[in-house]
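Heads up, there are several structures right after this.
In what follows, chain A forms one complex with chain B and a second complex with chain C.
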Partner chain A sequence: MLGRTLREVSAALKQGQITPTELCQKCLSLIKKTKFLNAYITVSEEVALKQAEESEKRYKNGQSLGDLDGIPIAVKDNFSTSGIETTCASNMLKGYIPPYNATVVQKLLDQGALLMGKTNLDEFAMGSGSTDGVFGPVKNPWSYSKQYREKRKQNPHSKNEDSDWLITGGSSGGSAAAVSAFTCYAALGSDTGGSTRNPAAHCGLVGFKPSYGLVSRHGLIPLVNSMDVPGILTRCVDDAAIVLGALAGPDPRDSTTVHDPINKPFMLPSLADVSKLCIGIPKEYLVPELSSEVQSLWSKAADLFESEGAKVIEVSLPHTSYSIVCYHVLCTSEVASNMARFDGLQYGHRCDIDVSTEAMYAATRREGFNDVVRGRILSGNYFLLKENYENYFVKAQKVRRLIANDFVNVFNSGVDVLLTPTTLSEAVPYLEFIKEDNRTRSSQDDIFTQAVNMAGLPAVSIPVALSNQGLPIGLQFIGRAFCDQQLLTVAKWFEKQVEFPVIQLQELMDDCSAVLENEKLASVSLKQ
Partner chain B sequence: MWSRLVWLGLRAPLGVRQGFTSKADPQGSGRITAEVIEHLERLALVDFGSREAVARLEKAIAFADRLRAVDTDGVEPMESVLEDRRLYLRSDNVVEGNCADELLQNSHRVVEEYFVAPPGNISLPKLDEKEPFLHS
Partner chain C sequence: MAAPMLRWGCRGRRWAFARVDGGSCHRRGAPTGSTSNRIRGQSSVAQQPLHTAQKPRKGEHKWAAVVGLEIHAQISSNSKLFSGSQVRFSAPPNSLVSFFDASLPGTLPVLNRRCVEAAVMTGLALNCHINKKSLFDRKHYFYADLPAGYQITQQRLPIAVNGSLIYGVCAGKKQSQVIPKMVRIKQIQLEQDSGKSLHDDLRSQTLIDLNRAEGQLRVDANISVHHPGEPLGVRTEVKNLNSIRFLAKAIDYEIQRQINELENGGEILNETRSFHQKLGCTMSMRDKEGKQDYRFMPEPNLPPLVLYDATSLPAGADPQQVINIDQIRETLPELPSVTREKLVQQYGMLLEHSFTLLNEVGLLEFFQNVIKETRAEPKKVTSWVLNTFLGYLKQQNLAVSESPVTPSALAELLDLLDSRTISSSAAKQVFKELWKREGKTPGQIVSEKQLELMQDQGALEQLCHSVMEAHPQVVMDVKKGNPRAVNKLIGLVRKATQSRADPVMIKEILEKKMSL
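The block that comes next holds the complex of A and B.
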């Protein structure tokens, strides 16, 4: 049951094959078994069971709220959840209990979803490995998969198994690990520079970033106000569409949400043929650092579309090589501003110094933030100094327009969807990852994903195949602004073609071994 | 069309393209003076804490300097991707509030309905007055 898609489980709940309470308890026990992954910071067991009880009553009375009623989900720990600790994996907010729910959390709860817990991340969502939070790094479930382990046994140089575990990618690594290990059916992440798509690619999941303005950011502890978006992590595209249907829409509490009418519910049509599609391949994304395996999969995907009748053309995004620099300046500048609210006065950590407000603020912030956050705040403040403002911040804003225009020009020339890699390579071992510092890693790992955030476009990472080492590799589709439905439709077609294998975590799945063994996600039929 | 991306690969000039890592960044150019450090620490109310942090800032600035190579004559800065849309304004009615108790709960120091702060208008000690980590 835990390996099914959201839609299948929803059907099972409606038909009474399983009750929300049973489902909830299965997920909770699996969370306990997979505790070593460190995916969850807070497991909201009592809350989830209570929600399951209420969901069960609704099903008994034939009044289910919809496809999400009774479905276990997890939420990244930078979304505010009323009554449940929200820490952003930082000392600054340890023990902070928000008095309100983020809009997206509220929407999910209104649909009857069960909140399993808050997932781990990089501190304040700054990072690309989910390794820099105060609760420790998150381990990629694929480190323990049969597919990876078998490949490693073939390698005579492989060392002790447990010390070579792999990172999940970041910063929504906890959410990715939670979904990948079957502890929930969907999880919320946040995406500022690729923080949802990067771990999705490393954990073999669908990581969807909606258009900026489609989903409310109220309650998402902000990193970069002009680029943040709540992201969705699921095991298949259809599930992501269901969640998006629940979340999309204007919010009077978030003035950056768009009030145009959106087609609801988000039912994705099944694309019969792709002959009317035009796929763009941006040539600047072919960088020397790209691993040959990812490059080959990218090429094969392009060939696949072409062989099915689509038009596949090379396009140019000329300012691509500057986008990571531009992102670096804008991100640190906005971070410097957003982190200013943490002074210990109204919420969060407060130090013991009482000499003066400034001394208190300074000590509180020194104790509360880690090096990465402090580094970004200082960089941001540097770029915002009077003497530097024009040359760095305003310059970066101008370059941002050039980058956004690159995309507009490409889409205006008839391209429907862009196809690019999501990451440079498959997931790397933790010991390898920490050899470089956070900023360097982010600038390396974000190159394919962050230009999309600067332009506010929708994008999705789809798992394509396993690497030679048995680890997932994903590819990214980028769509036009507010054409999320079209983007997901193309992604769904592609997902069906590639038939990405299910992760085999045999040792953990005592209850549901038979169901997982032979199932391929794409080929399971719905029992209506 | 397997050949297409192989052809692209051959076209990408090896060695000329810098790559996206910071390996090419020059070391700190020494423009972070003690004055700048003090100024930033005062503005950010966050201290550097170590020489490595200063070195990291210098690298970050060197990285950001790459933007100078872009020609932005006549380009307007972009503040938001939604700049072409009208901002939605709701009617000016009070619909929520009255949650003082909830808000006060999260603070460490509260007296009745006030947040308690230490005295203001006392500047942080200057760099030469406090324990300077740079000189030690």
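The block that comes next holds the complex of A and C.
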């Protein structure tokens, strides 16, 4: 049951094959077994069980709230949850218990979902590995998969297995690990430069970033307000659409959500024919750092569309190469501003220095933030200084406009969806990842994903195949603004073609035989 | 955070914020000089009439002062500028604080429609250009009463710009003549108020109240002096002036201080100063951190504020979702300058009287109601309303709406006076009675107290005769040519009539009797 998709388990609940409480208990037990993954910062066991109990009553009375009723979900620990500690994986917010729910959390609860816990991340979502949070790094469940282990055995150079675990990617790595290890059926991440899509690719999941303005940010503790979007991590595209259906829509508490009517619910038709589609392949995304395996899968995917009758054309997004530096200026500037409220006065950490208010601020912020956060605050404040504002911030805003216009031009030329890699390569071992600093890693890892955030477009990473090492590789589809449904429809067709294998964790959870019942063939090849 | 303020120049709860940009005044009555760009962040630069500056010594240049005001005015609204928390005067500290007001992580600002409407209306009233698109910015500084570490304001593209306001200045020999002046308004911006810090020096603690509904008006004044024709001087900013009286005092003091400083070879520092109310002087605030860099940046959580007029309103737009400038213009009441002009034209009133009528809430309406119901001359009405009526109100610190005397009662009283049924002094007596709130009409009071003028010539002549007989010495004095003695006799006769006789009539009779 645990290995099923959200839609499948939802059907099972409706048919009474399993009760919400049974499902909840199975997930809780698996959360405990996989504690070493460090996917969760807080497990809200009592809350989840109580919600399961209420859900069970509803099912008994035939008053189910819908597809999400009784479904275990997890939420990244940068979304406010009423009465449940929300830390952003930072000392600054340790012990902070918000008095309100983020709109997206409230919407999930209103649909009857069970909140299993709050998932791990890079401190304040600043990172691309889920390695830089105060609660330690998240381990990628695929490190313990049969697929990966078997490949490792064949490799004579493989080192000590225990220290050789892989990162999940980030910053929503906890949410990705939680879904990937079957501890829940869907998880909320946040996506500012790729933070949902990147770990989704590394953990073999669907990672969806909706159009900016489609889903409320109220209650999401911000990284970059103008780019942040709540993200959705699921095992398949249909599941992402179900969650999106619950979340999308205007929110009076978030003035940047759009009022225009959007097709709801997000039921995805099964596309039989792609011959009317035009798929764009941005030539600037073919970078030297791209691994040959990812490149080869990317071109196979393009071939697949072409062979099925779609028009596949090379397109140009000429300002792509400026995206990283532009993002750096805009991101750090907003970070500097957004982090100003963490002064130790109203909530969160406060140091015990009381010489003066200024000394208290300084020490509190020094103790509360890690080096990454402090570094970004310093850069951002530098860019916002009066003498620098025009040369950095304003210039970066102009470049952002150019980058967004690149997409507009491509979509205006008749392209429906862009197809790109999500990441440069598959997940790397932690020890290798930490050889470079957070800033270098982030700027490398975000190159395919962050331009989308600058333009506010919807994008989704779809797991395609396993690498030679037995690790997942994802590809990204990018759609027109607010054409989220069209994007997911194309992604769903593609997902069906590639038949990505289910992670095999039986060694890890040998007594959880249910995991395997839905196993598909471990086929790595694309149909051609 | 706090209550909403309109800022015409400062920081505040939802404030529309008007920046009045000013010029320098070279000499009284002369046209204003060029706009001062130095006065950033200020709202209004008013001209300081030269009489406040030191009188020039012979052979010396005159000094001219340049003053800019940044006015923070609280918007009258039920909830705050960016949150649904209520605004209520004197609510217990921190009792009206939403999650947004406390800057809890993840909360977002939501613009209050009422505040936008108020800002547009203010802009229209002040002859501003209303920007159909305006933007919000974050202004950063660390202070305990600013929980987000930044304040949301409208730095770059405010809701209204380039306005003007006509006001009156008392001048002339008697300081009673009103001269109309114009001040230019640079901008009006909506701005969130900061909280209130309460310093407990005894325990070296600072307490913060995030209700932020403490004051309705706060002004920062930017002041510099220079010699006309020369570049503008270095300015100082006197912060947090909360009454018109202190504002005037602070400006006068600061101008004099700067002139003295410069004439003694000193220099003026570009600094913020505070006004000490008891000592009546300004003092340097000695800002430790030196010059602040507010690191302005666009507020990413608020889309541009777009306003419409009749020509740009999209068809089928939801009236709840759009703000129509033309619609607000229609609800704008007649502006004071227009009303004053009408009063002067219609009633031949002095300009200064028209100012007084408009400066007191409800007084104009009271005046107009009296005019409507009485036969008395408008000048008479003006005099009674502004002297007697307003005098009583001021003496007892009452608002017009709390007056015990209704417009009808005063109108009736003035009719009695006009018809010479009672004397002017009897009228004052009746007014005093009316003020007691005993529910009597002027007519009733007059008849009860027998205050009608004696119309019976014969009886009055008889009385005069009796008085003359009783005071032969005074009659002698009159005959000797002492003019004051006549008045004494008149007084005695009036006393005998309980002030009911017309003194002019008495005088005539007495003079006839004494054959003067």
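The criterion applied here is as follows: the second predicted complex is superposed on the first by the 511 of 528 C-alpha atoms of A that agree within 3 Å, B and C clash if a C-alpha of one lies under 4 Å from a C-alpha of the other, contacts with A are read in each partner's own complex, and residues count from 1 in each chain.
To be clear about the criterion, contacts are C-beta pairs under 8 Å (C-beta built on N, C-alpha and C of every residue); 3 or more make two chains touch, one makes a residue touch a chain.
All values reported here derive from a predicted model rather than from experimental measurement.
When both complexes are overlaid on chain A, the residue A:Trp165 reaches neither chain B nor chain C. Using the contact criterion defined above for the overlaid structures, shared-chain residue A:Leu345 touches chain B and also reaches chain C.
In the overlay built on the shared chain, the residue A:Phe500 is in contact with neither chain B nor chain C.
In the superposed model, A:Phe182 makes contact with neither chain B nor chain C. In the superposition on chain A, contact of A:Phe305 is made with neither chain B nor chain C.
When the two complexes are superposed, the chain touching more residues of chain A, out of chain B and chain C, is B. After overlaying the two complexes on the shared chain, residue contacts for A:Ile324 are found with chain B alone; chain C is out of touch.
By the touch criterion defined above, A:Leu402 lies against chain B but remains apart from chain C after alignment on the C-alpha atoms of chain A.
Touch criterion met: A:Arg439 reaches chain B, while chain C stays clear of it.
In the superposed model, A:Pro250 makes contact with chain B only, not with chain C. Shared interface residues of chain A (contacting chain B in one complex, chain C in the other): 96, 99, 226, 252, 255-256, 259, 336, 343, 345-347, 357-358, 361, 381, 385. Every residue of chain C that touches chain A in the complex is listed here, in rising order: 99, 102-111, 138, 140, 142, 144, 147-150, 206, 208, 293, 295-297, 300-303, 321.
Chain B meets chain A in the complex at residues 1-2, 4-6, 8-9, 11-12, 14, 17-22, 36, 39-41, 43-49, 53, 56-57, 59-61, 63-64, 66-70, 72, 75-82, 85, 87-88, 90, 99, 102-103, 105-109, 115, 117-124.
Those residues of chain A lying in contact with chain B across their complex are 96-97, 99, 212-213, 226, 250, 252, 255-259, 281, 283, 286-289, 295, 298-300, 302-303, 306, 312, 314, 319, 321-322, 324-326, 328-329, 332, 336, 343-348, 350, 353-362, 365-366, 369, 371, 374-375, 377-379, 381-383, 385, 391-392, 394-402, 404, 437, 439-440, 443-444, 447, 454-456, 481. For chain A in complex with chain C, the touching residues are 79-80, 86, 88, 93, 96, 98-100, 102, 217-222, 224-226, 252-256, 259, 333-334, 336-337, 339-343, 345-347, 357-358, 361, 381, 384-386, 389, 393.
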